[in-house]
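We call the chains A, B and C, going by the order they appear; numbering starts again at 1 in every chain.
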Amino acid sequence: MGDWLDANLVGVVNGFAIGFLLFIVAVGLSLVFGMMDVLNLAHGALFLTGAYVGAAVVGGDASWGGFLGALGLAAGLGLAGGVLLSALTEPLRRRSHLDQALLTLGVTLVVAELLVIAYGDDPLSVGAPPGLDGSVPVLGAAYPVYRLALIGVGALLAVAVFVLVERTDMGALIRATVADRDMVAAIGVDNRLVRVRVFAAGSMLAATAGVLGGPIYGARPGLDATILILALVVVVVGGLGSVRGALVGALLIGQVDSLGRSLLPDAAPFVLFGSLALVLVLRPQGLFGGRGVARA
Amino acid sequence: MDGQPAGDAEERSAATDAERRSMAREAEPRPRGQETAQRPVGPEAEGRPVGREAQPRSVARTARHGPLLPAGLAAAVVAGLAAAPLFLAPFATTTLTRILVFALLAVSLDLLVGVSGLPSLGHAAYFGAGAYAAGWISIHTTSAVPLPLLAGAATGALAAAATGWVAVRAHGVYFLMLTLALGELLHQLAQTWDSVTGGANGMAAIPSAELGGEPLRLAGYVYWYVLAAALLGFLTLWLVARSPYGAALRGIRDNEPRMRALGYPTRIYKYAAFVLAGAVAGAAGGLLAAQERLVTPADLGFTTAALALLAVVIGGAGSLWGAALGAALVILVRDVIGPDLDGHGTLLLGVVFIAVVYLLPRGAAGLVRRRGR
Amino acid sequence: MILNCTGLHKHFGALRAVDDVTLTVAAGARHALIGPNGAGKSTLFKLITGLLRPDAGRVELAGRDVTRETEVRRCRLGMSQTLQHASLFPSMTAAENIALAVQRHTGGRIRPVPRRQPHVHDRAAQLLARVGLADRGRVQVAALSHGERKQLELALALACDPRLLLLDEPAAGMSTAERTHLAALITDLPASVTVLFVEHDLDLVFELADTVTALHLGKILTTGTPQHIRASDAVRRAYLGTADREELFR
């Protein structure tokens, strides 16, 4: 065990970094779905927008000013995007899931193509801010400092979201709506404003995650789909609408993805799919979910 | 497609019952509505409005879901398609070939989305899997028609069979999520499995399809090959959609719990539809390999899957022919108008996507249907 | 005994929706389940049809343990049902709805190629006529009245050639004429079809049923002939507290 950990420690730490990043992306997707029953396929496009903001503002040689500026800009764009998406999907509330998916899919295509028009097809890299761009030795292996910092930031955000959703009045309304939408509507609570806020906040998190993930993933066409899929797997594994589920699912999938890539590079997609299938068969409602994905 | 356990007591009595009835019927004048069963099968017979007014429509017909185009029009379209290369420039012929390939993909997706109510966002995966398999066979074994095509269909079916059992367990929006995830995972596999797929660069230099030892080099010959195969694929899907099994799939789309209560093992039915659609998509992929002679991971990516779904939705889900028309529109925008937009046809398609959701909730076939009533 | 339920339990959290119910239905019976709202009738029905699994107990259909069988399998074994709220195929016509049920049960194997199914046609037409919808076959389900949908649903259930027919409030929302027709239809069913039904209209219950079981709070109060039920103090109390028997049964 000790030997295995020595050999794979970098992979495990990487898994935590990716896991926390995934949590930041997935928690919005999960809550938007849980509250509004909207599968927001444009969630990956929000992340991609953030990534390109990072690439454009920060670029290769990063400064703290540029990095924080990019975070702020991405957060603003994410907020605006979330409000816009919430307005776009509102008229489709009584329509099928397919219609909502199609709409957000269309938004994804448009956003991704606009970004290609603006920044071209080639992958762009994003530097880590000064001080975080080096490496530290971790049990003999050089490990990028930025990823350790990302784990810290991710953990802080996770705590913040957790407190917000589990300990505040608004959080209580969010949880109630996730648990039983119809009941909340029936007792006459007007949760429209909360819906827009959750949509906006989730979108903001996704866009800032794009900047935060920049030094790892860079910015390139197709990244939106990659991230969206990982986030969907996280949400399905963790259970829909559950913050705790999103956190555990994200950390789990982060490990599966990272270790899968380092141990079985050719079979990484199979490992990811395998864990998804396993959860669906053993626990169709996800690890922390109430409602089931598959029916027995 | 048989979910009935053999040797069931009810079944035996049902069979004798049916025999008795059919014997009795022979003595009677044929009741109205029997032309249903005797209608010629084939695209020429599509939507022939025989006896529509005179009789209760049987499940096997559900002409409402089938096209309303008269048989003559279908025949004319096939004849026109067959003659097209004689009049068109090679570039136009190539575009038309692409349309046929994409139309086959879209129609196979419509069997899932429109007929069975299974909105798959990962259908391009089976298309790409078939394309890679056909390319691989062509490079390493033979490119003699129809072997690469069959390899594509078999691989599409296998990939769908391997992944579909998880997908069909899920309902509604979860099905969307799972198929999206499955498609993207296969996409990543295509990108990482360098030794077979050529990785991100794709599988290049696929030899031309050969017929009788002669390579099909001219665009016109490739087109005819693709046309013949695609028509076969359309015919297959069309027959399935109009069969009792197709009626059962529509029943599942409408009300799955009720179908289960009526004794239909719905998950097996959905699984079979998923595998069949995967096989046809794989065959379409085989045609893609023969036509482009290059397969890249993008062919099984998110965008391809989204565009196939767009084709189905533009055309109006469930009509099959609508999906083919939608596919033509998508390819025209991407390959003909796209270059005028500096290759950003996808942007236009994204806008079309958004517009369709708001303006045309039932697709083009919905418009025709409304007028047809 | 066509149906034998032994010691059935189904709890939802603290709610004992079905609490140790043992119920036998004789072959050929017209057996009614009555009880005030929340008595557990619908849950019991779902346990019988297989939509829900009991926490404990077993369900036997004609001597065969079907507790673990799916509703698909139970239908194949001769159990057929209508739901309280008509559950149909909205994109299809009435005839197409029935044909879907008929082709499963008398149409032979369900094949993926178009084929002649004249017997399906005939049988569907016959069933439509039987429930009084002979001239409504070409009408879309959406255009049918509520009562007509209930009739169509009954035709769907009959199309399965059931040995045991389960009807959940078959007369709910029907007009008087439709109700009379329904009563005649059920009366005319051959003895080979056993009927177990839930109904709120006690007039209809006493007109149709030869055996009545009264449920209250998930438990069986009593089972017996309609006369026995009319005379039962326990049933009266369950329904109306201590109300006048005459008022309840008119």
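Criterion: a residue touches a chain if its C-beta (ideal position, glycine included) is under 8 Å from a C-beta of that chain, and two chains touch if they have at least 3 such contacts.
Source: prediction; values computed, not measured.
The set of chains touching subunit A and also touching subunit B is empty.
Geometrically, the chain at the heart of the complex, using CA-atom means, is B. By number of C-beta pairs in contact, the leading pair of chains is B-C. The most distant chain from subunit C, with centres taken as the mean of CA atoms, is A.
Each chain gets one centre point, the mean of its Cα atoms, and the points for subunit A and subunit B are 34 Å apart.
Rounded to a whole number, the gap between the C-alpha centres of subunit A and subunit C is 49 angstrom.
Centre-to-centre separation between subunit B and subunit C, using Cα means, comes to 40 Å. Residues of subunit C that touch subunit B in their complex: 49, 51, 70-72, 75-78, 80-81, 83, 87-96, 99-101, 103-125, 128, 137-138, 156, 159-161.
Across the complex, subunit B is touched by residues 33, 37, 39, 41, 88, 91-92, 95, 97-99, 101-103, 105-110, 112-114, 116-117, 222, 225-226, 228-229, 232-233, 235-236, 265-266, 268-270, 272-273, 276-277, 280-281, 284, 293-295 of subunit A.
Listed in rising order, the residues of subunit B touching subunit C in the complex are 1-5, 8, 10, 13-15, 17-18, 21-22, 25, 31, 33-34, 36-38, 41, 55-60, 62, 64-65, 239-240, 242-248, 250-251, 253-255, 257-266, 272, 276.
On subunit B, the positions that touch subunit A within their shared complex are 113, 119, 121, 163, 166, 169-174, 176-178, 180-182, 184-189, 192-193, 301-303, 306, 309-310, 313, 342, 344, 346-347, 349-354, 356-358, 361.
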